[in-house]
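Quick heads-up: structures coming right below.
Common to both upcoming complexes is chain A, partnered first by chain B, then by chain C.
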Partner chain A sequence: MSITFEAHGPAVVADVQGRLDSTNAAAVEAELFKQLGSSAFVLDFTRLDYISSAGLRVVLVVAKRLKQSGNKFILAGLQPHIKDVFEISGFLGILDVADSRADALTRL
Partner chain B sequence: MVPDTEVVSRFKVPATLDAIGAIQAAVEEAAEGVLAPAAVFKLTMSIEELVTNIVTYGKAEGTDIGVVITATTASLSVELDDAGVAFDPFHQAPEPRLNESVEDRAIGGLGVFLVREMVDEVAYHRSAERNHIRLVMLRPTAKSDGTAP
Partner chain C sequence: MTLTRRLVLMVAACIALAILSISLVFGYLGRNALIEQAEEQAQAIARIVAESARLTEISLEEMEGVVIDDLSILAFAIGSMNTLSPGELGNRLAEIVARGNASSIWLVDSNLRVIANSIGDYGAIIEGETLPIGLPRHALDALTSGKRFTLELGSPIDGVQYVGVRVDGGRALIAGQPITVLDPVRAANSVPVLLAALLNRDEIQAIQIFDDTMRMTAKIGDELPVDDVNELVDDSISGAAPSSDLWENKLLVAAPIRDSAGIAIGSTVIALSTKRLDAMLSSYLLYGAIAAAIVFALGSAIAGVFAGRITRPVAAMTHAAREIDGRTFQPESLNGLAAQSDELGTLARVFQHMAIEVQAREEHLESLVRARTIELEQKNHLLEESKRRVEAELDAARSLQAAILPQALPAHPSYDGKATMVPARELGGDFYDFFAIDDRHLGIVIADVSGKGVPAAFFMAISRTVLQSTARESHSAGTCLAAANTVICSQNPMDLFVTTFYGILDTETGDFTYANGGHNPPLMIRRADGSVADLPRTGGMALGVMPGLSYSEKKVHLNAGDTLFLYTDGISEAMDSEGREFTEGRLKDALIDAHAQHVDLVISGVTDAVGRFVDGAEQSDDITCLVIRYKGARETLDSPTELARAS
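Up next is the complex of A and B:
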């Protein structure tokens, strides 16, 4: 698992690679929260291969925090099997989801 | 006709969070060339959810989790048994509320729900003071009526 942060104009993009599971969810959450400030936030999951409910929890707490601070949050690039998990969880209906990072950036 | 059942793997692991990776690795190996990658993901994710619950809530410290992976021409199955407190995750876990906004949505409570939704057939029984969970993923050509035999 690795996370790379990039600034794109007024937004921060977090590129999350590998697995987001119960072994690293707390560390990933802490890492992401350090970058949540007064800007829009894109979570790019193009290279995320595995997620469990522990990972969904991280996405939800990030979404809650950004909602609270009034900043836009977009989830981008979900692979089909990952998208299934978000769909089943009811998250696709309540989160802003883009097909790709490029698509997300045009919406900010 | 009952398909021939082959035991692919049978082992025990201590009931700690490290069991997750060990069981997932065995399932991935057994599923190689048997299940599609998306089905392998559903099965290994389910292992994480269920073993996390056993270790976190089952009071199973110091005991082992038994694992049996079996294959038939129709399916790949994983059976987990543990010495934790009696708990049927498929009937006793609370239902998550899926239609709430980001602000109101409860954090957590999705694990067992995901397992039920993603695995083709699930079953639970309690015997000899152990919980027995069975997960069945059908191979690409097989069909399901949603219940484990």
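Up next is the complex of A and C:
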């Protein structure tokens, strides 16, 4: 599990790799929250292999926080099985999802 | 070997080596001196030889002078013997010859006619009354004419030297003397005799004399190597200086022989025994070695004693350092050394001071460590205690969690079911539920709280209670979830959520109405063909995310014998030791015979398949599943054959 952050103009892009589950959800949440500021935020899941319900909660919490602060939040590059998880949980309905990072950045 | 000993040995060895070297140098110098001495000896012999040759010459000349003087006196005597007849004169001359060294005497007149001779009266009959042929005429004339008084008459004739003396009356006396009369003189002065006298078997073993053409003129003593000697002789004559060489056990020395003008006219070679040379060299070496050994032994001993005395303080401090290490050091033990005024005394004082400091610090540290250890042990104990307590409480929570879930479905002729939850080590948030809403309707729930631990467990308990209460108020699955969601959202400080599937089975008709709050769709196993398929999705958000959402419903019809399998992702995402997931595909494979199995077997079939797949890997999530099989409406079940078929 690793996260790298990049600034793209007014947005921060977080590249999340590996597995996001209950063993690292708390750490990832803390790491992401450190980067949440007054800018738009893109979570790039292109290289995310697995997400558990604890991981879903992290995404949800981040989305809520950004919504409160009035910043845009886009989830980008979901692999099909990850997208399925988001779909089943119903989160696709409330999250802004882009096919790729580039796509997400154009929409900001 | 200690440093001290090494130094002592090194110094002593150096001195001994120096002594040996000096002995060698002295030996070499002595040898050179001996050779020089030998060369001087050879030069002395050469001088003696030259001198002896000169003396021999002089003595021979002197002898001849004496002979001529004798003859002159004789001539005077004969000159005054005018009264005698030639015959008597001849007798007198014969007598003189017989008594003296002369071999013959003639008295001649101015015409060189013999007046008398030493043959005496026999002159008439014996040849020899005439002068020997070959005497120089002008010399004889010089005598008879009175021009010369005495005269040597040329070179010897037939081994006889002739001498003439003027006699009064125009006469001359001629005397012959054999040159052999000088032989004894010559012999007494001869070189070999001289050489024999010089020969000394211990020192000079051989002497050889060479002339300037390198021809050997005399030799005495041992044989010498011709080539070596010739080379030496050549060197000494051409260099006009002595030269020497070693041959076997002899020292050969050649020295030039000089004439009175100092020109080299030959060479003397002497062979000296090298015995003295060798003896001297070996005695030098022997004394050198003995001296070196003595110096080495004495030097080592003395230096050892001194070094021991010098390094004693160092040894004492080393000992003290060891004692510090072993905690037995007494600072007073260095008092004597510390009292010294030299550098070692200073070192000892510094050492003493340092040792006291170190000991004090160590004691302080040790007491600190002891205190900390005790503290740590107490804390450890407390920690273990609290860990035990927490674990006990977690165990209790886990048991409670399992206990609050219904253990068996309400007994009903229209359905049969079974549920199980295998909790993971960490407290989880899965739950299932079923409850009779009324006589006809059965509510079925399966849910999974996001995350783990105590918050998840609490959230699970809240969610279950909320669902149960909303389910009683509404007979619509969608309405129920919407109401529950709103309540849960209001009691969700930690932003958790719970995916929830809720369905209502109408036992009369077999209709199954359901709504889904983000949970993975249950599987429908048809009795007719054994097919296993997801229930159609309804779309719907997990509960607790956002209040005020609505949840759409869908309805499926269950025929008698159809089975629903509800589960959480603890099954589909169960992992083996290499991180591979069990997946829905494997779950469907495990359910391939489920339509023909008893519900108990369906559950155990799935959990066994998961157990085989993970093969001992630690269970990371709760494994929860619920099976319900519709057995048909109550009326149809009255027929015994139908009942038997459905079970």
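The rule we apply is simple: the second predicted complex is superposed on the first by the 108 of 108 C-alpha atoms of A that agree within 3 Å, B and C clash if a C-alpha of one lies under 4 Å from a C-alpha of the other, contacts with A are read in each partner's own complex, and residues count from 1 in each chain.
Operating definition for what follows: a residue touches a chain if its C-beta (ideal position, glycine included) is under 8 Å from a C-beta of that chain, and two chains touch if they have at least 3 such contacts.
Please read these numbers as outputs of a predicted model, since none were measured by experiment.
Undergrad: What is the contact status of A:25 with respect to chain B (first) and chain C (second): first, second, both, or neither?
TA: second
Undergrad: Could you look at A:95 and tell me whether it touches chain B, chain C, both or neither (first, second, both, neither)?
TA: A:95: touches chain B, not chain C.
Undergrad: So which one touches more of the residues on chain A, chain B or chain C?
TA: B
Undergrad: Kindly classify A:80 by the partners it touches after superposition: chain B alone (first), chain C alone (second), both, or neither?
TA: first
Undergrad: Figure out whether A:56 sits in contact with chain B (first) or chain C (second), or with both, or with neither.
TA: both
Undergrad: After superposition on the shared chain, which partner residues are touched by A:64: those of chain B (first), chain C (second), both, or neither?
TA: A:64 sits against chain B and chain C alike.
Undergrad: Residues on chain A in contact with chain B in one complex and with chain C in the other?
TA: Comparing the two interfaces on chain A, one with chain B and one with chain C, the shared residues are 21-23, 50, 52-54, 56-57, 60-61, 64, 88-90, 93-94.
Undergrad: Which of the residues in chain B come into contact with chain A in the complex?
TA: Spelled out, the residues of chain B in touch with chain A are 17, 20-21, 37-38, 41-42, 44-45, 48-49, 52, 96, 98-103, 105, 107-108, 110-111, 113-114, 117-118.
Undergrad: With touch defined as at the start, can you tell me which chain C residues reach chain A in the complex?
TA: Residue positions touching the partner: 426, 448-452, 495-497, 499, 517-521, 537, 539-542, 545-546, 569, 573, 581, 620-621.
Undergrad: Under the touch definition given earlier, write down the residues of chain A that touch chain B in their complex.
TA: For this pair, the touching residues of chain A are 21-23, 50-54, 56-57, 60-61, 63-64, 67-68, 80-81, 84-85, 88-90, 93-95.
Undergrad: Of all residues in chain A, which touch chain C in the complex?
TA: 21-23, 25, 50, 52-54, 56-57, 60-61, 64, 88-91, 93-94
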